[in-house]
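Heads up, the next two complexes both have chain A, just with different partners, chain B and then chain C.
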Partner chain A sequence: MTNPKPSSLLIRVPSAAWVIVLMMTIFTAINPRYLTPDNLVNIVLQNAVLLILALGATLVILSEGIDLSAGSVLTLSGVTCVSVMKHLMESGGSNALAMAAGVAVGLLTGALMGATTGGLIAIGNMPPFIASLGMMGVGSALSLVLANSTAIYISNPLFSFLGEKLDQSIDLPWMQYLSMPTFIAIAVFSVIWVTLYHTPFGRYVIAIGGNESGARLSGVNTVVWKWMVYLVAGVLASISGITLAARLEAADSIVGVGWEFDAIAATILGGTSFAKGKGGTGGTVLGVLVIGVARNGLNVIGVPSLWQPALTGTIIILAIVFETVLSRWKEGRRWVWHD
Partner chain B sequence: MGLARLAARGFVPDLERPWMQSAARFLVLFLVCILMAVLTRSTEYGFVFLNLRNLLNIVRNASILIIIGVGETITLTAKDVDLSVGSVLSLTSVVAAIMLNRYGIDYPFAILTALLIGAALGLVNGLLITRVGLPPFIATYGTLWVLFGFAYLILQGAVIYGFPAGFRMIGNGNLLGVPMPIIVMAAVFGSGYFVLHHTTLGRRFFATGANLETARMSGIEVDRTIVTAYVISGFLAALAGLVLIAYTNGSEARIGDSYLLPVMAVVVMGGTSLSGGQGNLVGTLAAALIMAVIHNGMNILAVPAIWQSLVVGLLIIATVLTDQWLRKRA
Partner chain C sequence: MGDWILIEGRGITKTFPGVRALDGVDLELRAGETHILLGENGAGKSTLMKILSGAYPPDAGEVFIDGQRVEHFDPRVAQRMGVGIIYQEFNLIPYMNVAQNIFLGRFPTRYGLLDHQKMHADAAALLGSLNMNVDTQALVVDLSPAQQQMVEIAKALSIHSKILIMDEPTSSLSERETEQLFATIHQLNAKGIGIIYISHRLQEIHEVGDRVSVLRDGQLIGRRAIDEVTVDDLVGMMVGRSVKDMFERDYQPRGAECLRVEKLSSGNRLHDVSLTLHAGEIVGLAGLVGSGRTDLARAIYGVDRYDRGEIYLFGEAISGLQAPDMVERGVSLLPEDRKNQGLALILPVAENIVVSSLDRLFPRMVVSRKKEQAVALRYVERLRIATPSTSRLAQYLSGGNQQKVVLAKWMCTHAKVFIFDEPTRGIDVGAKAEIHALMNELVREGAAVLMISSELPEIIGMSDRIYVMRAGRIVAEIPHGDATQERIIEYAMGADEVRKKTGQAAPSRSEP
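Moving on, here comes the complex of A and B:
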């Protein structure tokens, strides 16, 4: 074996962390105001929704699948949640009742979409790419139809609370550093982390991703568990859709376009790979932060908004290239692709 | 149900054979045409759908999709998906539009530049996949967003319109009564078919896609083959963009966005497998025509445009499920 001996620091620290440190250094050098608690808290708040969606993508990719419908499920659940809530409020329901019903319908939408995608993949044996591409079309069309191609605005203080910083409702000095989306993301992360690493479900997901027929032959009911993966991913997409709608106080009919790419990119950046069930949720948090730090930093250092899509995309691609090259180097292979 | 009974008796088309797959698709195309003709019949105007002008319209509308679809079929034959086609189309058409409209550059030169940029972007995709080793899905979805970003940046969010008459010929003109997009499409489809089925390069695409290791062992330069496939795809996306803006006489940064879903749909519906080595160009042609017929019928029936992605999504799912079901029964 001609294993190179990389320094141990390089091995132990995930590549996404290097990218984050590098970017933060550059941004701080350009604008010292970048590294203030206010801004750092903002980064966390802005990316809580993406983290929830990316955790779903991580589960799916760990099981060696792909879910292109995540963005449209996000949109659709926001739309169903807000339209039900609005309808109930207009017909005289209390804020609390309307919110409970809206959130329930939103979650149910995500579960139904996820169950359908999962059913097509696990039971219908369709390639995940095609099944989720089809569901992406279905989901985005339903959102456009239900929201009549525009945004539905909602003003329900209880619902808005789900998307706010806590200083809006609790008058304590440090409350501006806490926000509901962050809490929701932390809660979702904990649940997914426990599920993935401390329950049979998590083990089966990783086993299916590592070697599906091997898992089946050792008695794992791969059909049911694969189906569950997409169901859970659908529910996570709906949680992010509802949180986003609460933050914006509106459900837009195309708000989720492209979010599935951010979610998948964050997962890949975090070291989860399409092959062999490698990776996990911790890396995905770092992956989300790479994207979040890049977006926020470009804003704070005053890059014109016209440049931002091109630059963010380029940074994400470069970070993925870096992650791929580094992980291959860590495994002691040549960096040229020869599988 | 007739089909189920036929299937039960074993009279099922052998879908492992490409020509059977294509024949089945043309049969569906024929049935969809009849259905649309009947549905859109009006007491005043008769069979409006079967009007020669309407039929030419349908094929012309399908042309852009088929030109991109030929490239997509080739990358899927040799390796995997190319999700960046829509953005390549946007970026190259934006560049061509600016050269023609703002700088008044001669149109042959603008066309050449756009096609070269398209090929170069395909090269970048190919190198990201073969040299860097990114999964094709990630590499091309990444370039999708980067290229959209640059198209947006170049155009500064504006919409550009008004091109010289000579340039508009390729989208708007006629040759012996046949619209130019159809002629371009026919040329692209013909050469694509020839390359894929009658040249060494085509054999290499199939061999590399079917089994990378075996292909390498047999002396095929697999990396170069894969890169070639992505270059062709980029080139054809750029060509489709030129035809499209010559027809619509305008361009903007999002012009190609709406093509990703339909292109993937027609390729998959055409019977090209996502696991490589099984390209079916004739199937792509048939599926694109089916899609165009359904769109046209929905337009005549005044179904709102927002329902169309629902129909496309359901079509993808239904086609693939039917294919699998038929294969299982056969």
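Moving on, here comes the complex of A and C:
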């Protein structure tokens, strides 16, 4: 006997989707060029990397944690990946071998950083904010040192393929609408979705976020699973870092500054809440799109670039206000546990 | 079933710093029975339950399960041996569905993926066998408290518990839900499952229990078959002790009215509460934990909002005022949790004492250290606060002296109305007497005191009048001359209503 759910369209469709539709309408009204297939494909391509990062943030926030180091892990993984690749290519290694080794090292970097952050939090009992803030500093400093405070350029066609639209390498119709980053993001999304909803690990993440002591009393090994959350988030950050490096054909030593906040904002916009393990991955996709649609639209309608962050920030705040109002209204109609 | 003993505790003793929580307690649970564990707040019920479920190790005594002595008892061992426990605070995950909550920690999987089908089928079978009507797909957050409790029961039974411990299971249930729960309990009993049922609601006992054990001050006072005891026997067993002449009060004619509360209602916590408080009197507020005493204090003090009703302070309606306004008007609250709400533990004694009087002491907004120290020293001497200096951090003081610092803080604001919430809980006997003497002094000087206390001797010994609360209502007002522990406890627990229902005669009252 499920409780009768309110069934109006306004409630069934997530609020972030309304925000996206509203923004797209406004942008199209101002500049009809906004609503072209090319531009829409661009939005998706530009935000694939953020989605991968935001999925990590979603896992962490579902477990009632926070990871401020995501942006710096993204940067560092790109730097280690490209450095190793370049080194191998310069010493005569084949493109394929160099790329495999570089990607492996990049992923390992993310795993190590995540495992360290997670260890501090899960085993060392440190507040996630502090532990990940510290690791954020470590990550950015390492990136600057390894890349000598600049960008390392790489020219490896195999690697670049990871960041391209497919029409650059495959001569078939429609290929200009498909891109590798999008495929990677879809693959990562699928894996995380299955993990969250169809494996014990995913359920433990939600249990820990919902009621950690309750989970422990039910026999869940909260230390191990909490640690694992940050490890997975680290690996996801490194996947986004590697993909971004492939797209830019370079690893920049400050490219990821501030990305952790975009990832967190996207997660919250998507309806995942800091309390009680509420939310999920689907919403995060919408949250990423809110940010992506806003940025792209402001560009297309010609807002001066210095003003764009202010407007993006305002849009995020308004979207959250809208979400809060809508969810209060929803809650008011159904049985609430207790306040 | 019959006489097979599922779990037995022998000579269980547990001491916490300063308190002997349990002293040589024996308890046994037979297959298929519901065994009520009855006692006042602090009698040791919860401690005993935690020992039987492995959460605390006992200092002395042994636990036997199915006749075998249990060594190295901990919650995991307890679970394995079939002890399930349902805490008053549920341990469910709000945004997870019913089936997943039931099997949390033991999810069925196939190829490493959750086997949703099996999980829902097993959960449905389990719930069905208990005639529980809960959708296994529903999120726990959407369930009523009674349904959540069913999920807790199903969760306990899913680990094949033979022994269920329930801590005040009806405290958040409505009357109809309570009946539903009792039906489930009878059904479990019929399957041979033994239930230890902790309660202090006398109304329920005869409906659900087979035997009852009464605890008082950490000791087992008696174990009886339910059919052989009356409500009055149980009240007598629970109260027992007598009030010695340890309280000194100068009773005096009461002065002008300071505080009047009229028909205050707030959610389901307070219902039509009315009371008065006059200068020169101590008014006791008795009742069980959760009866609404603290809610009432917080509503008066302006911390919690209320739905209806009116509060008058010195004859003036003050509804809607907040705590800072109340302090300005001479009202003070000494909270139950003095370490977190009454004091800044990491600040020195002096700063704690003057913190609420800064505007009055330093009208030009510049704090003078010298004056601060001088004012603080005056109160340290007057209240005989045992501290080497006024710059000692509050956290290093004993509980009694901390409470004196809280009191000094309010005396420093020249408060006229003092609301004490459990003023002497956790304080040793000597400091207790001093706090009581200070309260006496306050009212002699014309202040008014509203005192919440779970210690009946304190309530009876200190109060001019006593209000008794039950389930958010004031159910009795007793002048100090007529107050006995039995009388208060009967009102607090609703014995008068039980008697009305069962037709038992009223007890003869005698001063202990």
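Definition applied: the second predicted complex is superposed on the first by the 325 of 339 C-alpha atoms of A that agree within 3 Å, B and C clash if a C-alpha of one lies under 4 Å from a C-alpha of the other, contacts with A are read in each partner's own complex, and residues count from 1 in each chain.
Everything that follows uses one rule, which is that a residue touches a chain if its C-beta (ideal position, glycine included) is under 8 Å from a C-beta of that chain, and two chains touch if they have at least 3 such contacts.
This is a predicted model, so every value here is computed, not measured.
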Looking only at chain A, is it chain B or chain C that touches more of its residues?
B
Applying the document's definition of touch, where does A:324 land relative to chain B and chain C: first, second, both, or neither?
first
For A:37, decide between first (touching chain B), second (touching chain C), both and neither.
neither
Considering only the touch criterion stated at the top, classify A:199 as touching first (chain B), second (chain C), both, or neither.
second
Looking at A:137 after the superposition, I want to know if it touches chain B, chain C, both of them or none. Which is it: first, second, both, neither?
first
Between chain B (first) and chain C (second), which does A:268 come into contact with in this model arrangement: first, second, both, or neither?
first
Applying the document's definition of touch, where does A:306 land relative to chain B and chain C: first, second, both, or neither?
first
Quick check on the superposed pair: does A:125 touch chain B, chain C, both, or neither? Answer first, second, both or neither.
first
Is A:215 in contact with chain B, with chain C, with both, or with neither (first, second, both, neither)?
second
Chain A positions within both the chain B interface and the chain C interface are 335-337
For the chain A and chain C complex, residues of the former touching the latter
1-3, 194, 197-200, 203, 206-207, 210-211, 213-215, 217-220, 276-279, 334-337
So, in the complex, the side of chain C touching chain A is made of residues 75-76, 79, 90-96, 100, 104-107, 109, 112-114, 116, 133-135, 137-138, 140-144, 155
List of chain B residues in touch with chain A within their complex:
81, 128-135, 137-138, 141-150, 152-153, 156-157, 212, 223, 261, 264-265, 268, 274-275, 304, 306-317, 320-321, 324
Residues of chain A touching chain B in their complex?
66, 120, 124-127, 129-131, 133-142, 144-145, 149, 258, 261, 264-265, 268, 274, 306-314, 316-317, 320-321, 324-325, 328, 335-337, 339
